[in-house]
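Structure first, commentary second.
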Amino acid sequence: MHAETTARLLIRCPDKPGIVAAVSNFFYNHGANITALDQYSTDPEGGTFFMRLEFQTPHLDLSRPLLERTFGEAVAARYAMEWRLSYAAEPKKMAILVSKYDHALLELLWRWQRGDLHADVAMVVSNHPDLRDAVEAFGVPYRLVPVTRDAKAEAEAQMLDLFQDTIDVIVLARYMQILTSDFVDRYPDRIINIHHSFLPSFVGAGPYRQAYDRGVKLIGATAHYVTADLDQGPIIEQDVIRVSHRHTVADLKALGQDIERTVLARAVTWHLEDRIIVHENKTVAFS
Amino acid sequence: MHAETTARLLIRCPDKPGIVAAVSNFFYNHGANITALDQYSTDPEGGTFFMRLEFQTPHLDLSRPLLERTFGEAVAARYAMEWRLSYAAEPKKMAILVSKYDHALLELLWRWQRGDLHADVAMVVSNHPDLRDAVEAFGVPYRLVPVTRDAKAEAEAQMLDLFQDTIDVIVLARYMQILTSDFVDRYPDRIINIHHSFLPSFVGAGPYRQAYDRGVKLIGATAHYVTADLDQGPIIEQDVIRVSHRHTVADLKALGQDIERTVLARAVTWHLEDRIIVHENKTVAFS
Amino acid sequence: MHAETTARLLIRCPDKPGIVAAVSNFFYNHGANITALDQYSTDPEGGTFFMRLEFQTPHLDLSRPLLERTFGEAVAARYAMEWRLSYAAEPKKMAILVSKYDHALLELLWRWQRGDLHADVAMVVSNHPDLRDAVEAFGVPYRLVPVTRDAKAEAEAQMLDLFQDTIDVIVLARYMQILTSDFVDRYPDRIINIHHSFLPSFVGAGPYRQAYDRGVKLIGATAHYVTADLDQGPIIEQDVIRVSHRHTVADLKALGQDIERTVLARAVTWHLEDRIIVHENKTVAFS
Amino acid sequence: MHAETTARLLIRCPDKPGIVAAVSNFFYNHGANITALDQYSTDPEGGTFFMRLEFQTPHLDLSRPLLERTFGEAVAARYAMEWRLSYAAEPKKMAILVSKYDHALLELLWRWQRGDLHADVAMVVSNHPDLRDAVEAFGVPYRLVPVTRDAKAEAEAQMLDLFQDTIDVIVLARYMQILTSDFVDRYPDRIINIHHSFLPSFVGAGPYRQAYDRGVKLIGATAHYVTADLDQGPIIEQDVIRVSHRHTVADLKALGQDIERTVLARAVTWHLEDRIIVHENKTVAFS
């Protein structure tokens, strides 16, 4: 809506009485108008507290740097908060990694083009040349970074070089290479993958084949943050679609791709709007 | 969870900066531990603000009457709030009205019996004798109040007499009589009906027949507060189920009854947990 | 799958014993291998019978013209069948009509491009120039046919001229002009529209606004064949998505567009695969 | 519908041209009126063929025994069919096994009582006394068969004794004992279990706890035939419901029980209506 004036605060801290009052007081006293507030506690007695605050900045009586410093000292320190302030006017820089399947990628680019994904799509990186034209038609740079089994480290180094420390979030839109722990560790809770099954069912390769073999009656897709453990990262969003004995593996793949598109688009949207907080390999999703 | 110590506050007022801070401060300062907070504004500039607060009472420094008086004077008056405090330890008194279909009624009684519906089910009132045994098996009194076309007023008077001003919420679990405006006006936003269609499609009688004739591919059910306008009251919850050309009207009725059960159970649960606020013939549902 | 060798038969006739035997005998005796068979009767006693047969043609002992003539004389005449044979190798010629919204159009073109829509997309016709580039990027001709209130007949004549009697199916992918009865009558059960509501709720203009005002908890979309009565034609497919009080009209529109895309894509796919039979303003959908 | 006159034929055999014609001819020639026909082939070239035929018996020109013998000799033998004829007028005898949870059991009994489950519910067997009153209120015998770790074989022998070879289908409505292979092997494809997860996720004990720990965004339930491998049998039906970080393990359990009820009811209904054929640890479900 008011992209120029919207700010968001994400908080995680040990739960204690008074946090909501302290935070809302602080922002009220400094002229912020709170337009959304979500909070959650794993346990009011000794649990972990999470909060997302969306507010409008026009009447703030502090500059952004001062606001952050004051909040840090006056509120966050008192409650031992981990916190992050972000401004809709400074959209996250996003890189999309893809191999050959275009469905998840095009869904993101199409939503981005029409203004529904509030990101700065800096580039698409692929280990294959196939999707160059499709990507460049959106005015987005396409970077080819081939990956070979023996030169994975080099390929990742090349990607980091392209990113130049400016990338805030990486989306794996059916990128068929496994990233190394070294790479993943540089972007904690900032790499989003779409896995083509309803995790934890059917981890690893060929999930549609696995689903077919098991004879499930629903297939699904899972968007999750990437961690060093393959397909084990915190789940952001999942959805399913009904299938039957009539569907071949190819049918499952085609049907599943529709779910992959939807699920990934939701997860990326929520991440960009600072709606997701990771906690102990799970997500708190204020969606 | 902690039924003895949980209290809930529902607020509606003109939106202004500072409401969240004022409310959370008040409860924090008086020793309440906030365990859930939902808020919504139709428009931060001049709209209407809604809030639901759930808190624990053990460390309150005020008695309930004093808490309510103090909150009313110190906070509510300043923001022109309409508000309501309720205590989980004082469950709402509920009357269920039913005719001959048992599905919606039994779903409620079964959930109530296992402790999932936090109400005091005072009685079931019916215009037919059929369901007496089924109801009494749950230990709930069954009151027969026949209704004839010419004596509707007498029947309603008889019901009001049974209720003796002690009933907080009335659930129409497929009660096939239309209540008069006089009756409805006594219980604003406190009579919940289940309509057997996805409103506003198929208002009035025979919605499954109407759905069949129109050839819809999904049928649904709608729980709504009853107003003087038939089937026009604020919608609390809706859901649908897929159907096909193979289904007869009888099939639609059987399938639809499953949805009616689910939708009504959710709506009643939310009402009992003070999750619904009515505003301009719509509901704000903090579900 | 085997696009070159797949044929499909659609039948509608008065139900009588022996139809399935007669049809399956005929095709078996002439060397067709039946790969799918769906049938439905509104009532085995005096109702209407519907059947869809999919078979493989390689071992047919008759040429196509002879097959059709022989079936017509030997089987169809006996049971007073309305019937239609089609061959996957001769995909239907499709024209897509669109105004300014691109979502439904692009969904169809994208699925067509990847081979999931078995049609020959002959052209996109629009009353606005906006989507020319997007369409031409798919290699599909874009025809601009402006429509003014006073010259609707001329515009439709211009479209018919473009179609040159070669178009088998017309898809209204959010085409915001109402077609005249004259035009509609030329394409009975062959014009598919996507309406942006869960019909019969919210007919006419502004359904998302209507849905917002009514406060429904699910919004939907409906694909239907176009008849002379606006929004009253036989429903092919519908689906819904959950919404809440937090959603603005703009949110409903954005969420709804996802459902429009899905529902229209399914309806068009089924039509192209000869899975839909219209009967008394309803559809039999062998999907 | 016409319970007295409805018969059903289930077939499995190697696929070959002419099966549909042969079967439909046979029944047509002997006066059966086919009211439903479903068929499926894993592969028209050398695959397995499945068929379900529903027909009306009033005008049959053969007695049941003769019909079966003639069909076996004239049709089934020629195509090497495994087949089964059943008559709606002879409902399957069903035993329900349960431990302490009542939700799945009561859902079945309630549907059965209102005539939606076409079975003869012979008895409920439990290893606990808790649900006796609830069951006997439906007029169904309740048999207590305690199970101890050391005397499982005796308990199963006691159950077999109760069944006296008259039970056609056994439903495990949250029966918390693992049956031995010996027992399971006596009822191939005739024991239906409801597992409280979306299999193959979360096999074994405590699936709601497992789901909570993994942080999934949907939980589910799975009805499957019981085989010697725990939770690995052919899946009949599955469904899911959306959950969030706000849900505790207890919440997941409560929400999941609603899905368990629905999924088990569907699976049992389809089994009773002879809609399920098992093939290579998967099911063909003509539902």
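The chains carry the letters A, B, C and D, assigned in the order they are written, with residues numbered from 1 in each.
FYI, contacts are C-beta pairs under 8 Å (C-beta built on N, C-alpha and C of every residue); 3 or more make two chains touch, one makes a residue touch a chain.
The shown structure was predicted, so the numbers you read here are calculated from the model rather than taken from an experiment.
Undergrad: Farthest from chain C in C-alpha centre terms, which chain would that be?
TA: Farthest from chain C by mean C-alpha position: B.
Undergrad: Check A-C against A-B and say which one is joined by more contacting C-beta pairs.
TA: Per the contact counts, A-B leads.
Undergrad: With over half of the numbers shared counting as same, classify the chain A/chain D interface as same or different.
TA: Same: when the shared numbers are divided by all numbers used, the fraction is over half.
Undergrad: Round to the nearest whole Å and give the separation of the Cα centres of chain A and chain D.
TA: Computed from C-alpha means, the inter-chain centre distance equals 42 Å.
Undergrad: Centroid from C-alpha atoms only, then distance chain A to chain B, rounded to Å. What do you get?
TA: So the centroids are 37 Å from each other.
Undergrad: Can you list the chain C residues in contact with two or more other chains?
TA: Counting only residues that touch two or more other chains, chain C contributes none.
Undergrad: With touch defined as at the start, can you tell me which chain A residues reach chain B in the complex?
TA: It is residues 17-18, 20-21, 24-25, 27-29, 31, 33-37, 39, 41, 44, 56 of chain A that touch chain B.
Undergrad: Spell out the part of chain C that touches chain B in their complex, as residue ranges.
TA: Interface residues on chain C, with respect to chain B: 40, 198-202, 214-218, 220, 234-240, 244-246, 281-285.
Undergrad: Given the complex with chain D, which residues does chain B contribute to the contact?
TA: Against chain D, chain B makes touches at 102-103, 106, 110, 114, 116, 137, 254, 258, 262.
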